[in-house]
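Next come two complexes, and both contain chain A; in the first it sits with chain B, in the second with chain C.
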Partner chain A sequence: MGPVIAIALKDLRQRLRDRSALVLGFLAPLLVAWLISAAFGSVAAFHMNVALVDQDGGPVASGFGTFLRSPQLSELLTVSTATEAQARAKVEDGSLSAAFVIPKGFSAAVTSGGSMPLTVLGSVDASVAAQVARSLAGSYTAHIEAVRLSVATALDGGAPQARAAALAAAAADLQAPESVVPRAAGTRELSSVSYYAPAMGIFFMLFAIGFGARGFFLERTGGTMERLAAAPISPAAVMVGKSLATFVYGVASLGTVAAVTSLVFGAEWGPLPAVVALVLALGLTLVGLTSLVIAVARSERQAEGFASILTFGLVLLGGNFIFISAAPPMVRTLSLLTPNGWALRAFTDLAGGADWTAAVTPLLVILAFAAVTTTLAFALRRGVARP
Partner chain B sequence: MPLVGRGVGAEARRWTEEAAIARTVEPHPQTDPVAQRHEVGIQMRLEARGLTRRFGDRVAVEDVSFHVAPGETYGLLGPNGAGKTTTIRLVCGLLTSDAGEVVVDGMPVTATATRAKAHIGYVPQEVSLYPDLTARENLRFFGRLYRLGGARLRGRVEEVLELVSLVDRADERVESFSGGMKRRLNIGASLLHNPALLVLDEPTVGVDPQSRHAIMESIAALGSAGLAVLYTTHYMEEAERLCDRVGIIDHGHLVAEGTRRELVARVGEKDRILLTATGSLQGFAESCMGMQGVDRVDVAGSSVHLLARDGRSLLPQVLAAAVAAGTSVRSVEVDEPDLEAVFLHLTGTALRE
Partner chain C sequence: MTALALTAAELRRVVRDRTFLFFIVLLPVLIILLIGVTISGNEAIRVGVVGERSTSLAGRLAQQLASELDAAPALTVESLTSRDAALGALRRGQVSAVVVVTDDLDGALRSGRSVSLPVLIPGAAQTSQAALAGISAAVAQHSAAVQAARFATGLGQRGFEENLTVAERLQAARAAAPLRLEVVDSTSNYLPMGFSYSAPTMLVLFVFVNALAGGGAIIQTRRYGIFSRALAAPTRPRDLVLGEALCYLALTVGQAILIVGIGSVLFGVSWGNPTAAAALVLVWAMVGTGAGMASGTMFRTPEQAGAIGPAIGIAFGMLGGCMWPLEIVPESVRALGHLTPHAWAVDAWVELLSRGGGLADIAGYLAILALYAVVLLVFASLRLRSSLVTS
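Moving on to the complex of A and B:
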């Protein structure tokens, strides 16, 4: 083991003297995680300032105002009143997330069985807020439709026309018997730092592929690989030593991000044994991917190119830049083709309060990635350590 | 500044002891032309037998055989592309031969022959060090590859640093070193494990004259200390100065080998002795013609030209004949044919063509 450890320690020493490796492996993920934490806070803290433009003044419009100011929406919305011109100006300058314009005659149209559109003003710069506003308006109009349907059904069933208003009021007070509460495998709400800390940690950890592959080709161009090959050690020992360095660097990088974001930024990572197992498995995958790049590339430049393509391909597919749960179904499916996608799934489940069993399947998949890539690398290039 | 400093004595003793315990090599089959020159019982550090290596259709070396005894410096002399580096790489197990074998201290050398490789110190042609590590860190790392550790490693690192005169720069990064310092450290990194055989692949290429001189002196000292040295070069003067025996390699074939004198004799080149003198030149010339080893004598004015097989050893006899003939010798010059002439004779091309 002596020479293997010597090679690994030498590689680590060189890597720690390389400022870019230090920055990308340790400082950048912490900085990005901190920025995201500071910028977004938690998912639960999402808040909108909206305006209600009531040009109608009728009971249905008043009911919509009551709906917007209900306790259930108080954490999400701050509602003010404005004229349409004021609301439009404020939405455009960004001081309002959205505005609802209820046109004159809206209540009369609704109660008489007619229809009239409720306008939602949204900013192009706040598409999520506009979507939420449209959903709220849609929810309220659906509720009105339900009341109208109830009253119409009662009248058709023989109820006197004189009771229509009372029936409408009673139907409006009724709550739906069931409601859907979306919840992941866990029990806690996921904060953005709990998602982006592992996401950024894994992203920057993947840069180790480039460092490892580049280091291998530098040994060749610098002639030191020839010395290694002339030494009384096997080619496999050279590869194992260099892989060990990549593994330790990757694990140290992600481990540091996990520790610092937990302790300083309050990120949730989940049960320690499961997190450690996932980090180690990702370290092994890193070794497999690095070996694969070395096996495929023929020069330092090619290795850097392949490593960059691989890193950015994996993080784009795996969901390191976006909340994967909010991504389209195809993206969510594609993320399962990547080890980082599986790791993120496990980390978010664990951070959400799931127990360690939530990490078992992702862990096995990640280890399979490591095994397949390593085997493929050695199959592609046997005796890779020879100069 | 020579590479070899105060550590040489210890090195010499150690290497001499190692030489004493080296195995006794059985004589080669008599069909092997190199083996025919072996003496029964000589202890060989390196034996290369019938080495052949092709790269695609191109034959890099073919049927190359030679040996290096303990304390012997053997030079492979040939122009660029002659097959020297391929031969070296085969000797060090960096390449696998298509035919033939390499044996170091009785152990066959292959890519995975770790025991045999532990006996070889390899100095690559280019400086092969980690520029972002210090000299000491480089040496410690390469020492660990040869399974040195603890106090022994620390001790050897200090000895080698002293040997290469880099003690005061030991903790500076190699990237800050001059070319000559890097070259010295490059050789030092190959000496950490006290190899029995030092293999140097053109170590003076691209080196300034001062560093070149230092490297040559150091290699000569290492050879004198009992180390077997295999040295490749395309500089005729280096081979003449350093090597006990020289193998001339061209187009992948070892076309001749032996001591300089043997090679010169083999191609029939003669020494020239040029004397300027006064007095009875004709009588002196006639005396010289009668000497064994003198093939021809010409007199022109005050000059006498002799063509002889071994000019240096004949010189005392020639000067005695001059005194006897009453000739007063003003100057003497011995012009010995060099390896350049041998190479030209054997291959039809000059070394640097």
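Moving on to the complex of A and C:
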């Protein structure tokens, strides 16, 4: 055990003396997490400032005003009144998210069975707000539509035109057959920093593949490996020692990112035992991937190239660069071909309020990935631990 | 001539490095593709639809409701196969809310009962009000047709199915209060979504990041003793500095042209006014040249340039609006972002691509970027020259 620890400690000391390893393993992910937290930390729930332009003054228009100011919409909307010109100017300059223009004669037209459009003013830069405003107007006018439609369907079925007013009165008393009730799903809303802290932590941790593989070939060129081979230490002990250094570096890097982003930036990582298990499993995967690059490469330059391509390939596919949940289903499925994709899925599930069991499948997949890459590396052990 | 010879030698060495080619050619294309695909359909509110217990929606009304939700312009709907899948999608932020279509929806509606559809939301209700508003409008639309069919059926006219078909036809034909959405402005403060967003922002990011990482080449040249040997010949230090500068300019211009070309051909990106776009690309390439040369004179080892350079480049890209629009971040972060040249370059692309601007419209941005380029180039040239003279 002694030589293994000694080799691991020597490798770690050497790595920590290299400023780039410190920057990439510890400073860069924290800097990125801070940037994301600064950019999105104060983003509150979706809220809209809207204006009501009531050119009608009738009961339907005033009912719409009451609907917009109702308690259930109070968190979503701040409602003001304006003239059409003011509303247009404010929507254009961004001080209003959207505006509703109810034209003169609107109440009279829709209650007498006529038709008159209600205009929603929106901005090209607030398309979601414009669509939400349109939905709100649609929800309000749905009852009017239901009454008109009921009468029209009855008339189409043969009811006499003379009874239209009586039918409208009867239809107006009916309750809408379908409604929605919000129910708490027991999940938490995923914040940007809770997603990008593990995403960036894993991304920068994977850079250690390059450091580890390069270091191995440098030592071989420098003759250190030959001297180790001459010492009474088994090649296996040398490899375990070097793997241990990579493992400790990876775990320390991701663990530091997890601790600092949780404590300082309020990132949600999930229950501690599950997070620790995932970080350790990712550390093992890092060892497997590093060994694989060492086994495949023939020189320091090749090792550097393979490591870079592998790192960026994994993070691109795994979704570390983008908010993978917003990606098309195929991209989300492809992300599960990578250990980092599974890790991100586990971290987002845990951050979203899932219990530790949500981490079990990802954990097993990541461990399997570590086992497969390590086995493959040993199978290909061309020149590994040999001078 | 000496400078050109050095430029050619340096370029040959760089182009032979396959890893560098991966970062310059393949990686930008893959990232443009990935980001472009991810943000192209991202504007509507994402909601899920799931059956209460059964994996598929039972009955015509349930399926119609799902179609109604799917057709709502405010929403992008994802069909989910189970309640567990729904909870997973909510946790991961794949959807903002999930409509649970109850199994007895058809039976209840046909028999005249009212149905309350549960909408699963994460956290507190107020954070999901936008999604709830979109869902409520689509459900109300569906509800109106069902109400009309029930009303007419209750009068003893035709059967429910027939009345429902008539109600749907009438609903599609004319509305009492049709909604008209009018967009009051035509020019945007954001880049267009999709590849027109990812291509220009990644051009800004990659020209800079790869230039910083490429700073390692200068360090390597010094390590190989190429500078010392060149200086032993009748070569002036300033020719060497010029040669290095031309090499970086060729690389940054090449990187930019590659992204512009691939963006146009593969992803159909329109780059706006050609003269203005060319000027912006050239000035940005000069900023990259300055940054690359500065990297080559400030880092001690090629590994440092290759590792720390990209980290700095990514951080500047985030601050400068390459990863998300600066319009959506707090004002203080936006101001901080404008300390980086990236923010000015992205602002200039917004002017060109979203507002149809020309050379005159981006002249101010170009002047600021040129200033960055001059400062970086002068700083890096002086440092490189002094290291050549003293080495």
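Convention: the second predicted complex is superposed on the first by the 241 of 387 C-alpha atoms of A that agree within 3 Å, B and C clash if a C-alpha of one lies under 4 Å from a C-alpha of the other, contacts with A are read in each partner's own complex, and residues count from 1 in each chain.
In this section, contacts are C-beta pairs under 8 Å (C-beta built on N, C-alpha and C of every residue); 3 or more make two chains touch, one makes a residue touch a chain.
None of these values were measured; they are calculated from a predicted model.
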| item | value |
| --- | --- |
| First, second, both or neither for A:F321, with chain B first and chain C second | second |
| First, second, both or neither for A:D355, with chain B first and chain C second | neither |
| Greater residue coverage of chain A in the superposed arrangement, chain B or chain C | C |
| Which superposed partner A:A231 touches (first chain B, second chain C, both, neither) | first |
| Which of chain B and chain C A:G222 touches, first, second, both or neither | first |
| Contacts of A:I36 with chain B and chain C, given as first, second, both or neither | second |
| Touching partner for A:G158 - first (chain B), second (chain C), both, neither | second |
| Chain B/chain C common contact set on chain A | 18 |
| Chain B-touching residues of chain A, taken from the complex the two chains share | 2-3, 6-7, 10, 13-14, 17-18, 222-224, 226-235, 383, 386-387 |
| Chain A partner contacts - residues on chain B that touch it in the complex | 92-94, 111-112, 114-118, 120, 122, 124, 126-133, 137, 141-142, 144-147, 149, 189 |
| Residue ranges of chain C touching chain A (in the complex, touch as defined) | 18-19, 22-23, 27, 30-31, 34-35, 37-39, 41-46, 65, 72-74, 78, 86-94, 97-100, 109, 113-130, 132-152, 155, 157-158, 163, 166-167, 170-171, 174-190, 301, 303-304, 306-308, 311, 314-315, 318-319, 324, 327-330, 333, 336 |
| Parts of chain A lying in touch with chain C, wherever the complex brings them together | 18-21, 23-24, 27-28, 31-32, 35-36, 38-40, 42-43, 45-46, 72-73, 75-76, 88, 91-92, 106, 109-110, 113-125, 127-128, 130-132, 134-139, 141-146, 148-150, 152-154, 156-159, 167, 170-171, 174-190, 195, 204, 207, 214, 301, 304-305, 308-309, 312, 316, 321-329, 331-332, 345, 348-349, 351-354 |
